[in-house]
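Look for subunit A in each of the two complexes below; its partner is subunit B in the first and subunit C in the second.
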Partner chain A sequence: MSEFALHVATIAALYAMLALSLNLQAGFAGLINFGQIALFGCGTYGAALAFSHALGPLAGFALGLVLVVLVALLFARLGRNLGADYWGIATLSIGEILRTIATNEIDITGGAQGIGGIPALFDTGSPLSGRLILFAVVLAALIATWFAFRRLTQSKFGLSLRLLREEPQLAAAFGYDLDGLRRRIMLAAALPAALSGFLFAHYLTFVGPDQLFASETFVIWTMVVVGGLGSHAGAVIGAIVVQCLFALVPFAKDAFGLPSEFVAAMRLVLIGGGLIGFLLLRPQGLIPERIGGVRG
Partner chain B sequence: MIPIIIDIVLRTGDIALAAVALSAGYSLVKFPNIALMQYATVGPFLAYLFASWGAPLVAAALAACIAVGLIAVLLNITVFDRLLKSGSAIAMIGSLAAGMLFTAALLVTAGPDSRHFDFPVEAPLNVFGSPVTGPQLLAVAISLAAFVLLAALLFLTDIGRCMRATATNPDLARATGIDARLVVRVIIFLSGVLAALGGIGIAVKGELNILMGQDLMLPVFAAAILGGLGNPMGAIFGALVIATAETLAATLNFGPLIGKAFLFIPANYITAASFLILVLALLFRPHGLFVNEVKRV
Partner chain C sequence: MAETVLDARALRKSFGAHLVLDDVDLAVEAGSIVGLLGPNGSGKSTLLNVLTGFLAADGGQVSLRGSSVGALPPSSIARLGLVRTFQLPRMPSRMSVREVLLAANRAQGGLFDALVGRPTDTARTDDLLEQLKLAPVADQPASAISGGQKKLLSIAAALANRPSVLCLDEPTAGVHPSLREHIVAMLKRANAGGVTLLIVEHDMGFVRNLCRRCVVLDRGKLIADCPPRELTEHPRVVEAYLGRKVARPVVEVPA
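Take a look at the complex of A and B:
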């Protein structure tokens, strides 16, 4: 049981990093990214490809960073002349294109079977202590991301992001370089997403295209919306709440003797219902964005 | 050549109705409604259900379309109208979430297995030397009839004139006494009916399962954006472009281009063709092929 709790905690922390990343884009800069999972996938496939070419995890992390920088710059370039909803569709389709490539380039990515057997990062003899150390690393990465993003959004740069979200034309009139802002925000948000993917790959020891379905992006979206768009603490809390609810679904299924379709349906209801419910009834989320109190 | 053209026409029929529905809805309610893809899934499932109760197929399809149209209006009043006040992107996320709830409902009630409409197996007809099945012809006929009726409604009737007026300039339309709320409801109802009809067209040709809507999403968005979102007739043309690209990618031999005997695009990448067209369209022609205006969207 404690191992299961550790598993849920690790996954929740990894998703919290993804939620922080999405929150920086969507909550602060108003960039509606529907391809967030592609940034995560850069990290997972970086780790997996380095492993399948017998390179160390360090090379895997570097490869993941290179991939994620390319994808983030592509996203930012697309954002140059698109409104928020169009950009969402564009990022969604790029995510799907990348997943199609991962599924079909069997020689490189292992196709739909993925790449398995990626070694755990910390081999201490007993698997449990290795997992404990990894959880500590994930937690440290999460806290580092949180503090870095908080510094970022409380700086003058953070103010310009909110201006980009609220009044892009005013920001342009003030002389802000909107393209540069978008590029920098995508890069800043992409790094923790790739790091989360890299740690995820070494934690689960398996990487496959099924982890990159667009529906995973919307899981992250639910976390951010439930927690509160534009609030770092909200993103983390949203991730914890959603992951805990997900972890409870199989128990509920067993307790009530429901068919196995129930698990998939219940996940969809949690995501869809959570999104609609919060958007309609509490659009500011569990922890609303703090307005003011920021001096650039 | 003839088989390729037939493939293109059939695929256009698959995409076009949902794309027209998306575009028509967008012309008055300014957000891309992702839940439309689920209307295209719920429609054939309802038709299947009504048919299994003993209704003749045409009546079952008609009832399913009307039911989906009513669901669309209801959802628009209770959810999307309110979300739209916080912006089109928020409304789009809401429509996506609504789509997930539809999928969950279908998963619990109908289950994940594929189904077929009961058609007697007949020998395929011979159209210019190519085999075409009866249901395939039926699906194309449904699409064509729907387009003609929609065009007639938009361009020949008073409510159609009101719709076009409201789409072009909502304030002016209201000032001239057009009941904008009614016009919006009519067009949302129509978009639900069209999406359901498109789904039924796909389902009678092959099978229906709960992933239909998801598979339809990106080709339909690509078609609607190519035609210019908000321009229903352009969406038909967009669907034609997407269908042509997909069919040619599937059937053309690219070998001679690089000096080899055979080079076919792997079948799994063909679906990616429409995603790629979508990204290119958004990069260079975000307002659609017919608009030259340089403007932020």
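Take a look at the complex of A and C:
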């Protein structure tokens, strides 16, 4: 049971990093990214490709960073010519294109079978202590991300993000370079997303294209919307709430004697229902954004 | 004769078949206050949009202190010192009045400044809030204050940007007279501090009070360039606003 709790906590913390990253883009800067999972995928495939080429995890991390910087810059570049809603659709399609590439470039990515056997990062002899150390590392990465993002959004830079979100024309009139802002936010948000993917790959020891379905992006969206767009604490709490609900689904299945298809279907119901419920009844989320919090 | 700070030559802009700016030349001297007048739809706002890069001109040149800015995006033009306000100031609903003023001054607002935790100068913002009597609403959402206060805030924010030329689109339209005095005083102070002002305005009292030079647009053409007191005597201005004198009625009215 404690191993299961550790598993849920590790996955929740990894997703919380993804939620913080999406929240920085969508909640603060108004960049409605529907391809968030692609940034995560850069991290997972960085780790997997380094492993399949017999390179160490450090090389995998570096490869993940290179990939994510390229994808983030591509996202930001698209934003120059597209309105916010069209940009969202473009990011969704880029995410799908990257997943399709991962599925079909069998020689490089192992195709739909993915790449398995990626070693755990911390080999201490006993699997449990290795997983405990990994959880501590994930937790440290989550806290560092939270702290850094808080710094960003509590500063004048954070004000320029919110101006970009609310009144881009006013931001331009104040002299803010909107393309440059978009580029910086995408880069800042992409790094923890890739780090999350890298740690995820070494935790699960398997990387495959099924982890990059667009529905995973909407899992992250649900976390951010439930927690509260524009609130770091909200994003983290949203991730914990959604992952805990997911963890309870198998127990509910057993308790009510439901068929096993129920688990996968129930996950989708929770995401869809959670999104719609919160958008209709509590659009500000569990922890609403604070207005006027930046005083200099 | 002071040097020319803003120089527009042969500006042309049309929307479809409708010619909105027709070979407009305008040179603004450093330190002056120029009123830009004209009936509704004469092209005043379009001229401001073209000068500040928010609209691309179909032809002509704009230069700021001698260097061409015609092809630059609005944010770059603002950074070079040519700043504008909008006719209907739209203010963010999820930022406070204080946050908008803080954001208006870009100094030390970069990603790196944020990461190293460099503190920002808030004393000036607090002073400004006091001066403008916006201190009581400083922590309110900027979209929730009155229309007049929004105009005041948008002008103060533009000035916080330290412009060399400030283009104002109807700074006092729909503003309560007591706030209007604030705005006039603020603009006079800014001008005394060296900011050149180009003001689109309909209120003649305001124009006479502030401007020593007026240019008048009508149907995209510059039809007058004179001190405000001469405007009422200027035949083309009178015609633009009141219509042409005709010898007999164009339409016969049946008895």
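In this text, the second predicted complex is superposed on the first by the 295 of 296 C-alpha atoms of A that agree within 3 Å, B and C clash if a C-alpha of one lies under 4 Å from a C-alpha of the other, contacts with A are read in each partner's own complex, and residues count from 1 in each chain.
By our rule, a contact is a pair of C-beta atoms (placed from the backbone, for glycine too) under 8 Å apart; a residue touches a chain by one contact, two chains touch by 3 or more.
Treat the numbers as computed from the prediction; the structure is a model and nothing was measured.
Colleague: One more residue to check, A:Leu268. First (subunit B), second (subunit C), both or neither?
Modeller: A:Leu268: touches subunit B, not subunit C.
Colleague: Where does A:Phe122 make contact in the superposed view: on subunit B (first), on subunit C (second), on both, or on neither?
Modeller: Touch partners of A:Phe122: none, neither subunit B nor subunit C.
Colleague: Where does A:Gly230 make contact in the superposed view: on subunit B (first), on subunit C (second), on both, or on neither?
Modeller: After superposition on chain A, A:Gly230 lies in contact with subunit C alone.
Colleague: One more residue to check, A:Leu152. First (subunit B), second (subunit C), both or neither?
Modeller: The second partner, subunit C, only.
Colleague: Quick check on the superposed pair: does A:Ala173 touch subunit B, subunit C, both, or neither? Answer first, second, both or neither.
Modeller: The second partner, subunit C, only.
Colleague: Should A:Ile94 be classified as contacting the first partner (subunit B), the second (subunit C), both, or neither?
Modeller: It touches subunit B, and subunit C stays clear.
Colleague: For subunit A, give the residues common to its interface with subunit B and its interface with subunit C.
Modeller: Shared contact residues on subunit A (touching subunit B in one complex, subunit C in the other): none at all.
Colleague: Can you tell me which positions in subunit C touch subunit A when the two form their complex?
Modeller: Those in contact with subunit A are residues 52, 54, 73-76, 78-79, 83-86, 90-96, 98-100, 102-104, 106, 108-111, 113-115, 117-122, 125, 138-141, 157-158, 161.
Colleague: Under the definition above, what is the set of subunit A residues touching subunit B in their complex?
Modeller: Listed in rising order, the residues of subunit A that touch subunit B are 30, 32, 78, 81-86, 88-90, 92-94, 96-97, 100-101, 103-104, 215, 218, 221, 225, 261-262, 264-266, 268-269, 271-276, 279-280, 283.
Colleague: In their shared complex, at which residues does subunit B touch subunit A?
Modeller: Going by the criterion above, the answer is residues 31-32, 79, 82-83, 86-90, 92-94, 96-101, 103-105, 107-108, 111-112, 218, 221-222, 225, 266, 268-269, 271-272, 275-276, 278-279, 282-283, 286, 296-297.
Colleague: Which residues of subunit A touch subunit C in the complex?
Modeller: 148, 151-152, 154-160, 162-163, 165-167, 169-178, 184, 188, 230, 289, 291-292, 294-296
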